[in-house]
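Structures are listed in the sections that come next.
The following pair of complexes shares a single chain, chain A, combined with chain B in the former and chain C in the latter.
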Partner chain A sequence: MADLGTMSLLLALALAVYAGVGSVAGVKLGSGDLVMSARRSAYMAGLALAVAVGALVYAFVTHDFSIEYVRGHSDLAQSQAYTWVAMYAGNEGSLLYITAIFTVMSMVAIYVTPRRLEPSRPYIIAILMGISVFFLTVLLTLADPFAPALFDDGRAIGVNPLLRHPGMFIHPPLQMAGLVGVAIPFAFVGGAMIAGQTRDQWLDAARVSAILVWATLSAGLLIGAWWAYTILGWGGYWSWDPIENVAIMPWLVLTAFIHSVMVQKRRGMFRMWNIALLSMAFVLAQFGLFINRGGPVVSVHSFGASTIGSVFLGFMLFSLLFALVIFLWRYPMLKSDRPLESFLSREASFLVNNFLFLGVTFVTLWGILFPLFSEFANNETVTVSAPWYNQINGPILLAIVILMGIGPLLPWRRTTATSARRWLSIPVGISLATMALLWISGVHELWAIVGFGALSMVMSAVMEEWYRGTMAQRRAGLNFATGWWRMVSGNRPRHGGYIVHIAIIALGIGIIGTNFFQQRADVALAPGESFTLDEYRVEYVSTENELRVDRISEWANVNVYKDDELIASLAPWRAFYPVFNMASVRASVYNVPLVDIPGLPSYLDPGLEDLYIVPSEFLEDGRVVLRISINPAAWWLWVSGPIFIFGTIIALWPAPLLERRTVPVRTRTPSTPQTASSVGV
Partner chain B sequence: MSYAVIIRTISITALLLAATFPLFDGASVHAQSGDTTDNVGSPEITSAILIGPDQDREFEKRAQGLEKQLICPICPGETLDQSFVQISQDMKRILREKLQEGQDEGQIKDFFVARYGTSVLAAPPRSGFNLMTWIVPPIGIALGVVGLFFVMRQMRRGSVNPVAAGVGGMIPGESVGGDLDDYLAEVDRDLAIHDSPGGDHGVDHGDENDRSSEA
Partner chain C sequence: MPIALGAIVALVSLVVIAIPFIRRSGAVLSARYTSEVDRLTSLSSDLYERIGLLQADHATKTVTDEDYQHQLLELRIGAAETIRLLDQLGYEEEPQNAPASLTRESLEEEIAALRLAGSRRDSGGNRESESDGAGMTGKTELRDK
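Showing the complex of A and B:
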């Protein structure tokens, strides 16, 4: 298997080099055949990498400990399911995964490149394959996943206990795919720039691929948060750790992009700006890979120091240079089609949105870099951690939410003060009412009140539009549901976006709830004893344990009472892994329902608060140390995921032609891609 | 329609994954009884950090607030409340003792800084060199706001792109032919009906939007 793997990697490298060089050479030499064969060899590179991944997975599943990487990240004791995914548990394997997923994504991107980007396609292939070649070279020289074992005594080390979690099946693949995938929209733009297609020919390809990558990153981040919540045992889900930060920065910039690209799509403006955003996202993603692979920043979840770091740093700097050169080269050709007409318009609100997202990105980057800076310039080690980020980024994020309630209500081009007032009065009114209501009902955390007020404004803005839109459809004789659906179908990008906004509201409720109103206690209880936190009485009943080859697991059986009525029996556990000298906990999370829907399991009921219990220590005298916390509104964090996916799908769903009633109007607009190619090039 | 096929495939896969995800939860590990009575924790760890049922909630709230501002010295990046290792348990105990003695947050932080260095603070102090952490973002944002204002003003004046204006350069606007302008105006009027808020039901406020686009 090791040989098959190494050979596939070598083959993939050769094919990728040929694809990249061949497609550009083919264009220069005017040889269509060469271009075509180069493109096909890019597809073959993807297949070769799929074979390499298959070889490594096979080695894991069959416990082939003659491969060092398998020996180091698998053992016979761990459950079989995890051997299928253990391949990305370490540096080399995850790099192979990244290379493979990136090349396969490139394969798809090259295949579906729209016809009007045809002249750019060879350059798109060259950029994508250039990145693949870089990864493959690193794999073959510095991080060979198929290297033979240093010694083979039939024993293996096993996978890090913290990775043994269902999140492992889905978080790392999504997160890594999202991070490397940022290169794909960038490649579309970069290729188009090189080929001189500097109008909007690249727009749809870049927009769709950016949204897909962005959705992948979002899902990866959210599932990562959920994983941290259940396994790290401290009751949180996001700690502004450097690795989390480098994953969120490209996400933030892509979020800015998928908003402002709509201005380009509808109005032919912000062209240069959008290219700059994609370049930034791409470079930040490279920065993320660099920090991940043994960068200079300490983090709980990086792969430990390795020499690979500097190689990735070099590649990041090269990417930056490449993006800059292309940008400056095509700079004179990227003007907007028309001026901004008013500060009070949707265009302007998108510009402010972009500014705020970049603001958060800038703050986050500064937070990552300052400790390094301090170490070099001031010779002092400092930590920049959650309290700092919360204080600096918190207000900017709040401003983004407030803008989310205003921006969508402003029309394109310009608006009059009276019409803005008419549209905004309801959301602002509802927001003020919410804040007043919260104050009266005894919530006195100022920032939380303002936050909830802003969220209610966003919600009422969406509802206001939907209500009016649906009512208009109702006058045409449709009922509420079909009327709503007809309205949504009429402008999928916008209404899909609104659904995503609703997901963000859910997320915001969860973030505010858990950050401002969490209650927590660490208590030692003997069997039979109980502790009351808020209105919940937690009774420790007994401990059960189990000895396995690789770990000692202990469960704490606890009963939870509310008003002397048993509401849940929970069994959080803690496992100790002697080989790693490391413990892993699994919290029991009981979602206390806000509304108890009969027949549904409790985790599906809309949640009021999470009761979160984790055994942090089992003491010699039979007592157990429990961390008990009440995390208000935590359920809303996770429900945002499905809503978010639904919204993204609506925004991207290829509408049947008959429903595109704006098409006849749009195709006549010079700013849209269809005619842009004929006007602009 | 390969794009359509791919989007649909991805969408359906995503929906299926989202729908079945709760099933993945490995918490389905069942409790089984065993004979081992091995206990892993070292007993002295937890002696004093615990809050008893009788302890004051307000006091505990202050202590927990402090826990979030201090970093465990051996587990980079983790604040005390996130960490369960020996040293952070000790630190949690010490900070509670000091709080009980009536020391304020500043004194307690100073005590830990003297012991472990500045990096024990979760956020750098607001003084000296470290003041930069705190003032660079607001200054950057303020400069950004000023820049944004000028960019937007430039963009209003003519066919200028934001980035060009951002670096102070301005590209002379290319004026479009008169015919095209008329045509564009007409298209824009058409578009305005669809594009205004609630544009999908433009019938409602078509009048208002028309007015704004003609101005």
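Showing the complex of A and C:
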């Protein structure tokens, strides 16, 4: 299989080079056949890479330990299901995965490139294949997943214990696909700029692909947070780790782009700004790959042993230069159709939103780079940890949430003081009422109160907008539900966006709840002993253990009582892996329902708080050290995912066929072909 | 066996990328006429979409009446202008997303009325047709533009 894998990689490299060079040469030579041939070559490069991935997976399934990568990332004891995870668990395999997924995404992007971008398509192919060529070259020269094992004694190391989690089937593939996928919208813009299509021809392709990539990154981040919550054992889900940071930075910039691109679509403004945002997201994604692939920052997620960081740094600098050159080259042709007419308008609110997102991005970037600068300049090791990020990014994120409640209600162009008062009075009133109610009910955490107030403003803004739109439809004789749906169908991007805003509200509730109101205790309990945290009594009952080839597993059986009534029996788990000299835990999480809906499993009931128990250590005297946390509103973090996906689907859903009007082409003798310039425009 | 499989993939790739040359379609890129029609049809599609979005905004009152009229007029002028250019290129396909209230026919009628008004003005002074109604403001601007 190693031979097939290497052959496939070499073939993919040859095809990608031909696709990139042939596309541009075809344009220069005016040969449509060459361009078409090059395009087909890009498709075949994707096929060759799929074969390479298949070869590696097959090697894992058949335990072909003659391949060093397989020997280092699987063993006979591990479940076959984790073969897929093992495939991208290491540097070489994950690089093969991102090369393959990127090339396949490129195939799709090239295939669905809209007709209006036809003149740009050869350049889009060239950019995408250029990136594929880089990845393939690194694979074949510096990180070969098919390299033979240095020795084959029939024994293997196995996949990292932290990666043996259901979330690992989805989180890394989505995260990596999202990170490399940022190049797709950039390629649409870059190709269009090179081809001279400097108006809005690239807009829809870039917008749709950016939303897809953004959604992929979002899902990857959320599932990664769930993985961290259940397996890392500290009761949190986001630690501002450098690798988490490099994944969220392109996401933040893409979020800014997704908002400001609507201004370009509606008002023909921010063209230059949007191109700059996509270029920034692309370069930040390259920066992420650099940090992840042996960059100079230590993280639990990075491939620390990799030596290819400098190559990725070089590619990142090249990407930055390339983006800068094409931007400056086309700069004079990128002016907006009209200026910003008022700072109290929807356009202006989008602009402020963009600055805030970029603010969070640059704070995060500085947090990653500062330790490096410090070490370089002062030879002093500095760690930037979560409290620093929370202190600076927290207020900016709060400002973004407040703007989410204001921006959608402001009219385009300009807002008068009267109309601003009219539109904003209800959301602001509800926000103030929420804060007052929280204060009266005994919540005295200032930032939490302001946060909940801002979230209630966002919710009421969405509801107000929907109410107005639905009532407008009702005046046309529709019932409430049909009217709502008609309104949503009439402007899917906007209303899909509002649904995503609701997902952000759910996420915000979870973040505020877990950050401001978490209770935690670490206790050592003997069998039969109990510990009471808030209104829950946790009784340690017994320990069970199991000896397996690769690990020693222990379960702590605990009962949880509330008001002396047994509400749950849990069995948090801890295992020690001798080969790795590493322990891995699996928390037991009980969702205490806010509302108990009959017939639903407890984890689906709207959650009040999580009771989170993880065994930190099993002591020799029979006691167990338990970390017990009460994480208020944690359920809302995870429920935001499905809402978010629903909103994204609505935003991207094409116009229903029934709404499209097709009128047959009327036959008419064409007049002499003329260009726009010859007809006086 | 794996090497044979690799050779098959390589062979298939070679055949697939060679097909355009074997067919010898002789396609020449940058057919100016086609690209101009493409540009204009996509432009008109964009304009129709923006008109649809504007109407949806107006229904929810996030655009004031004054702005709505202003922006709608601007977009209609753009749509009419695009149709005129497409007409001159002999292309008459209806954009798929034309709103029901803004069909090509209605815009064409406006253009026809505009032309008529223009020719009357040219031949007999500045008399304006009484049947022009409110839409004439836009037509006049289109002409001026």
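In this section, the second predicted complex is superposed on the first by the 655 of 681 C-alpha atoms of A that agree within 3 Å, B and C clash if a C-alpha of one lies under 4 Å from a C-alpha of the other, contacts with A are read in each partner's own complex, and residues count from 1 in each chain.
Here is the rule we go by: contacts are C-beta pairs under 8 Å (C-beta built on N, C-alpha and C of every residue); 3 or more make two chains touch, one makes a residue touch a chain.
Values in this document were obtained by computation on a predicted structure and should not be read as measured data.
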In the superposed arrangement, does A:I430 touch chain B (first), chain C (second), both or neither? neither
Look at A:I402 in the shared chain and tell me whether it touches chain B only, chain C only, both, or neither; answer first, second, both or neither. neither
Which of chain B and chain C A:A55 touches, first, second, both or neither: second
I'd like to know which partner A:R413 touches here: chain B for first, chain C for second, both or neither. both
Who does A:I392 touch here: chain B (first), chain C (second), both, or neither? first
Quick check on the superposed pair: does A:N491 touch chain B, chain C, both, or neither? Answer first, second, both or neither. both
Between chain B (first) and chain C (second), which does A:R468 come into contact with in this model arrangement: first, second, both, or neither? both
If you count the residues of chain A that each partner touches, which comes out higher, chain B or chain C? B
After the superposition on A, what does A:R266 contact: first (chain B), second (chain C), both or neither? both
Using the superposition on chain A described above, determine whether A:Q201 touches chain B (first), chain C (second), both, or neither. second
Both chain B and chain C contact which residues of chain A? 114, 266, 408-414, 419, 465, 468-469, 472-473, 487, 490-491, 662, 665-666, 668-670
Chain C residues touching chain A - in the complex, by the definition given at the top: 2-3, 5-7, 9-10, 12-13, 16-21, 23-30, 32-33, 35-36, 38-40, 42, 46, 50, 52-57, 59-64, 67, 71, 81, 85, 88-94, 96-98, 100, 103-104
Taking the complex as given, what residues does chain B use to touch chain A? 1-4, 6-8, 10-11, 14-15, 17-19, 21-22, 24-27, 29, 31-41, 43, 45-46, 49-53, 60, 64, 68-69, 71, 75-79, 81-84, 117-124, 129-130, 132-134, 136-138, 140-141, 144-145, 148, 151-152, 155-164, 171, 173-174, 180, 184, 187-188, 190-192, 194-201, 203-205, 208-209, 211-213, 215
Contact residues on chain A for chain C in the complex? 1, 3-4, 7-8, 11, 15, 18, 26-27, 30-38, 40-41, 43-44, 47-48, 51, 55, 114-116, 118-119, 200-201, 265-266, 346, 408-414, 419, 465, 468-469, 472-473, 487, 490-491, 494, 655, 659-663, 665-666, 668-671, 673-676, 679, 681
